[in-house]
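Here come two complexes built around chain A, the first alongside chain B, the second alongside chain C.
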Partner chain A sequence: MTTSTHFARKSALRRRLLGGMLLASLIGLPAMSASAQEIFIPNIVELSGAGAVSGTNWRDGIILAVEEINAKGGILGKKLNVPHLDTQSDASVARAQVQKVMDDKPYVILGPVFSGSVLVTMALAQQNEIPEFVGGEASAITQRGNKFVFRTAFGQQFSMPKIANYIRDGLKAQTVAVLWVNNDFGKGGRDNFVKEMASRNIKVVADISTESGQVDFAADVVKLKAANADAVFVYTNEEESARFLKEARKQSLKGSLIGETTLLSQKVIELAGDAANGVKGHVGLTSDAPIPALNAFGEKFKKRFNYANDHNGIKGYIAVYAIKHATEKLGKFDSKALADAMHGLTITPEQEPGILMNSTWDANGDIDRASFLGEVVGGKQKVVEVLPKLGK
Partner chain B sequence: MKRVHPLALIGGVIVAAFLLSAPMFLKSYGIYLLALWAVTTIAALGLNLTLGYAGQISLAQGAFVGLGAYTTALMTGAGVPYFVAFLASGVLTFAIGWCLGYPALRVQHHFLAFVTLAFSTLLFLLMRNEQWLTNGIYGINDIRRPTVFGISTNKNTEFYYFALSMLVAFAFIKWWMIRSPWGRAFIALRENPLRAASLGVNVRRYTLMAFAIGSAFAGFAGALYAPLVQFIEPNSFQLTYSLKLLLMVLVGGAGYFLGPFMGALIDLLLPEWLRFTQGYYLLIYSALVVTLMAFCPTGVLGIVERIREARISRAASAARAAQAPSATSSN
Partner chain C sequence: MSSFLQLLVSGLATGAIYALVAVGFSLLWQTSQTINFAQGEFVMIPAFFVLVAIKVLGLSFPIAALIGIAVAALVLGVLFKRVIVDPMLKHGVLPLVVSTIALSLFMREAVKDFYSSQAQPFPSLVADHDITIFGTVFSAQSLALLVVALVVVGALHGFLQHTRLGRMMQATAQNPTVARILGIEVERMILYTFLINSILCAIASILISPIYLAKFTNGETLGLAAFVAAIIGGFNQARGAMVGGVLLGILDNLCAAYVSAQYRAAVPLLLLVVIILFRPQGLMGRVEERTV
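The block that comes next holds the complex of A and B.
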């Protein structure tokens, strides 16, 4: 063997070894854990894909809360370290991201917002005994006996009876049509809604499934016109809701258009413009409610991010403040003790101003608080009635 | 038999040592990611056979992974032993893949891509709408992990070794296959179907076989995917997933044995590594892939091959140049 060949081989070997080390470092991925003076609370949320609108609002609500808390010295003297990890609106990516943060021993996990992603990640959180504050609304989330999952919004099993009562008592409707998006959010809502209608003897005359990301609603509106229902319940995501409203107005669809939170959200109003006027329904959370703390939050949010928040922004914000209050009450950072403390806990704005509204978490992790009946008037959401907490 | 280059041998040993010892120095997430790589690579190996060797484009590979995953999840959920479900996933996807091969006998290229795309959509709708069977859009949760030779794979490390051993087994099967007369027939089919037929290759049978075997690989990958993620839903197996698998094969190098290994590694790890760029990570990842495809459509291994060929060519030129004066002087 010549000297040059020998060196070439040694150099190739060195290159391969370096390659191996690079591979190891690639898979090892940079650690995200907090220092001793920080507390690690990762946020795993939909920042791209179909859930990006909801996820971005959720993230920004969290950013606002974290900035406020850290500016005042953090929780029990420790600053919050909250990285935001994108699930790409895909349940398997969400699971992988939760697996990743588990390696760095989080105190609590925030997110996801999509119910399918919540269902897959919450099992992992339970195995590791880490509380997870989620934005998902599917009823199944809190019906599996998982003691580590906590909602920040009503589950569909609580919101749908409220909307059903409104359709029966407020609108006095005899027939109803339901248009829903065929994903875990829409299907869960539709199933609960149809059940509530049946129990109130209101006839569902049209049951129309639509696709996530659907652009053209012309055929669906034609079907709804043919059904001629007293009220149309629309349960789709933000962009689809706006597209539907535009088409419904274009074809002069008769009957009240009713929604649950999303249909009356700020994003839908912005996207649909005048077509959103006249929409009515139940709203779980809104900055336009006649509650000064919520109004002030809306202003702070707009000033910080230069856009108006929707309910997901409020959900993210109160999640962080709920963690702050429960931890300070405990006097220590203990994930399991935090989960135990959250069950049956009521936080009032007097105790913790950041919680914005009097809120209670029950033994299943479901949240209870006041909610609102609203209507879109002149391109703005107007709250017409405040519904009390269910537990009252 | 072709002699293995010593550097390739050393590289292989290093990679094998890394894969075997990875759980010793990687955290749980790293191990999970490697297990996902092993499972995804099996599906990409199948697509590489269909596309890279037999030249038949398929946009339904992700749907076949879904079919395998649902078969395993439903059967194990009903109490059927895991390995029976595993085999059933492979057999079912083989049979359906064979049927999907029939259109390939009539249409080619982008027309065939559309046929497989329609099939992919059909499978997605079945998974989503047949709620009585698949639990619809809610998906199937809490899928149990198998016990292999008395060892539970509930922990990520054990499952990783199980997935890795499956990858080795399927890689060996494919390695054997492409060196067998079948493999040569597949390549002949890709290069020139007419000439292949004139040489006695049964074009019809081998086209169907390419689809069936490629689909079966995806089915087996699905049977591993379900217990790895422990949750499956129809959205995970939409067209996007098939396109991702196609991208892995192309980025790695279609028609190269190691292409799917490399492609799956890049597709799974690069976006993860780029996450430090926060909101830009998918943008940068896409830009890198577009650049690679624009300048080297034969993928990463295509670049390696190009360098190797250039080196051989330079060496041959140098040898000719060295011989030329002596030839002149001998005159």
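The block that comes next holds the complex of A and C.
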């Protein structure tokens, strides 16, 4: 090979490379990073696997909020760019997705919903000083001193005392059985629940662990029947809750079936059909609450997505509006300043209608707002009592 | 005692479903040396055929169920054989195994993308109510599931043992070369086996989906259970697969209640290991010897 040929080839190669780079820049690589006129807020959530029900609701609540905000010009004049990335309900995939989006310098991260995935992703968000608005309810999430994680739902340390009071005062139960899903969400809920029962002298006569994605609950229901408790507290994810309710109905399980938000959710009612009737419990968020803003949200959601939302839809929606309000209050896009501003912040529907209910985030990132006691009657969730904010 | 009986019936009901699927698994192997690793998805997908017939075509459940079975026979029976098995089998068992694994992934993802990633409610054959037998309360749904599955398995057994066509199919399974010499249309018998397998899978799908809910991941559990049941019972004997399925269902329920719910999934695999170590041909299988 002559020297001139060698240089000619190198030159041709360089031209191709430059051409390729130019083409890539022209195409714009729509990937994920935002342009100067957009603000990048990736949503990393369970769109398949065991958490698909929760994740899809969460995503659609976010889509609704983003569409509304962008239609009105965005936040501080910038449109929101919110890609939705699937964790496959797997904590390791969730972590990889968060790691990936960090390269594009997000303003905020939305999701995940599964507590196990939140627990492994929130450390990454903290390292990068990016606020993360999550749907997880495990108490451990806000007990690790992470100043960048913010809940959109009650932590179990707040919801379980409400359930426990209801079991003691409303049902006057002396004995309870608890059936829980063996993941971070279920284990955290079970531990808090058992602690609350002990402090109220209510005896836990059966403590049954089940698996995420479990399809057959026959043996579990037989064990519950043998325990003969006054009330059965069920703390599993949506699909498992529905399968359990169907099996409980099939085997005519006696005793009140009590849940915390999920068991009374719209998706569980839809999947379990008649078997959901009679279920009672605490509901953190519901479109059926006697609050016009929540009812209006439910109607908007149904019109947009052609199905009824559950609490996760509301959680996703308010997460985006909380970011909007806090950012506009700051007057700039500064991730660290946003995290600081969120601690101790109260947002009322008068200040920001999209927040739907008066909500406060404390120093740990926990949320406080009103909640509800509900019951499933005739295939519909019915709110029977509104419980005030804890800090009120 | 009452709890034990309830668990037993519940286990029998689940086991009968496993048996339906395992019998199909075993039949395919015997007649065409096909190991179908998409068998679980063959049970998952007919439920969605039925749901489409109900929701898109607006048909009643019984008609939709019949359409679901017919579509399953066409797609999972005829098309599966013609498009995947026939071309791949010429290259040996391993390429076919890989093809069925690919098919299972394709079916799972297709349902997720074109229908839903979420579980769907599925109509039940009978309304939920209790039936009391000798003082023990049983679920009508479990009993109905058990009865239908046993009738189907019994009918299949009768067909294979007591009809001319069934005996021709058995002859094909035992020795296709001799069957051909005897004038049996071996290719047609093999096609019938694929049709029977697809119909068994569709029936299992209709029976199990009201309990499991229709979801794209359902095949994972059922496929593994059928495979294990077929090996436990004897891969080369349809009646062995029936026994393996029922045994697995009962064992699963009793273990979950009396041993450990957490380790319930490990128990069938443990049994599988024991069977392979001490009776490799399965509980009812026959020893096959090959000259190398």
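Following the convention adopted for this analysis, the second predicted complex is superposed on the first by the 361 of 392 C-alpha atoms of A that agree within 3 Å, B and C clash if a C-alpha of one lies under 4 Å from a C-alpha of the other, contacts with A are read in each partner's own complex, and residues count from 1 in each chain.
What we mean here is this: contacts are C-beta pairs under 8 Å (C-beta built on N, C-alpha and C of every residue); 3 or more make two chains touch, one makes a residue touch a chain.
Values in this document were obtained by computation on a predicted structure and should not be read as measured data.
Asks: Does the superposition put A:91 against chain B (first), chain C (second), both, or neither?
Replies: Only chain B; A:91 stays clear of chain C.
Asks: With the two structures laid over each other on chain A, which partner does A:99 touch: chain B (first), chain C (second), both, or neither?
Replies: Only chain B; A:99 stays clear of chain C.
Asks: Once chain A of both complexes is superposed, is A:206 in touch with chain B (first), chain C (second), both, or neither?
Replies: neither
Asks: Just to be sure I read the superposition right, which of the two partners does A:220 touch: chain B = first, chain C = second, or both, or neither?
Replies: A:220 sits against chain C, while chain B stays out of touch.
Asks: For A:109, is the partner it touches chain B (first), chain C (second), both, or none of the two (neither)?
Replies: A:109 contacts neither chain B nor chain C.
Asks: Would you check which partner chain A:187 touches, where first means chain B only, second means chain C only, and both and neither mean what they say?
Replies: first
Asks: Based on the superposed arrangement, let me know which partner A:47 touches: chain B (first), chain C (second), both, or neither?
Replies: Both chain B and chain C are touched by A:47.
Asks: Is A:123 touching anything from chain B or chain C once the two structures are fitted on A? First, second, both or neither.
Replies: After superposing on A, A:123 lies in contact with chain B but is clear of chain C.
Asks: Quick check for you: in the superposed arrangement, does A:39 touch first (chain B), second (chain C), both or neither?
Replies: In the superposition, A:39 touches no partner, neither chain B nor chain C.
Asks: Identify the residues of chain A that lie in both the chain B contact region and the chain C contact region.
Replies: Correct list for chain A: 47-48, 182.
Asks: Inside the complex, what are the residues of chain C that reach chain A?
Replies: Against chain A, the touching part of chain C is residues 3, 6-7, 10-11, 14, 112, 117-121, 128, 130, 137, 139, 141-142, 210-213, 215, 217-218, 221, 252-254, 256-257, 261-262, 264-265.
Asks: Along chain A, where are the residues that touch chain B in the complex?
Replies: 9, 12-13, 16-17, 20, 23-24, 26-30, 47-48, 84-86, 88, 90-92, 95-96, 99-100, 102-103, 116, 119-120, 123, 138, 140, 182-184, 187-188
Asks: Quick check on the complex: what are the chain A residues that touch chain C?
Replies: 47-49, 52-53, 56, 182, 208-211, 213, 215-216, 218-220, 222-223, 225-226, 239, 242-243, 246-247, 249-252, 267, 270-275
Asks: Residue numbers of chain B touching chain A in their complex, please.
Replies: Per the stated touch rule, the residues are 6-7, 10-11, 14-15, 18, 22, 25-30, 32-34, 36, 128, 136-139, 141-142, 156, 229-231, 233, 235-236, 269, 272-273, 275-276, 278-279, 281-282.
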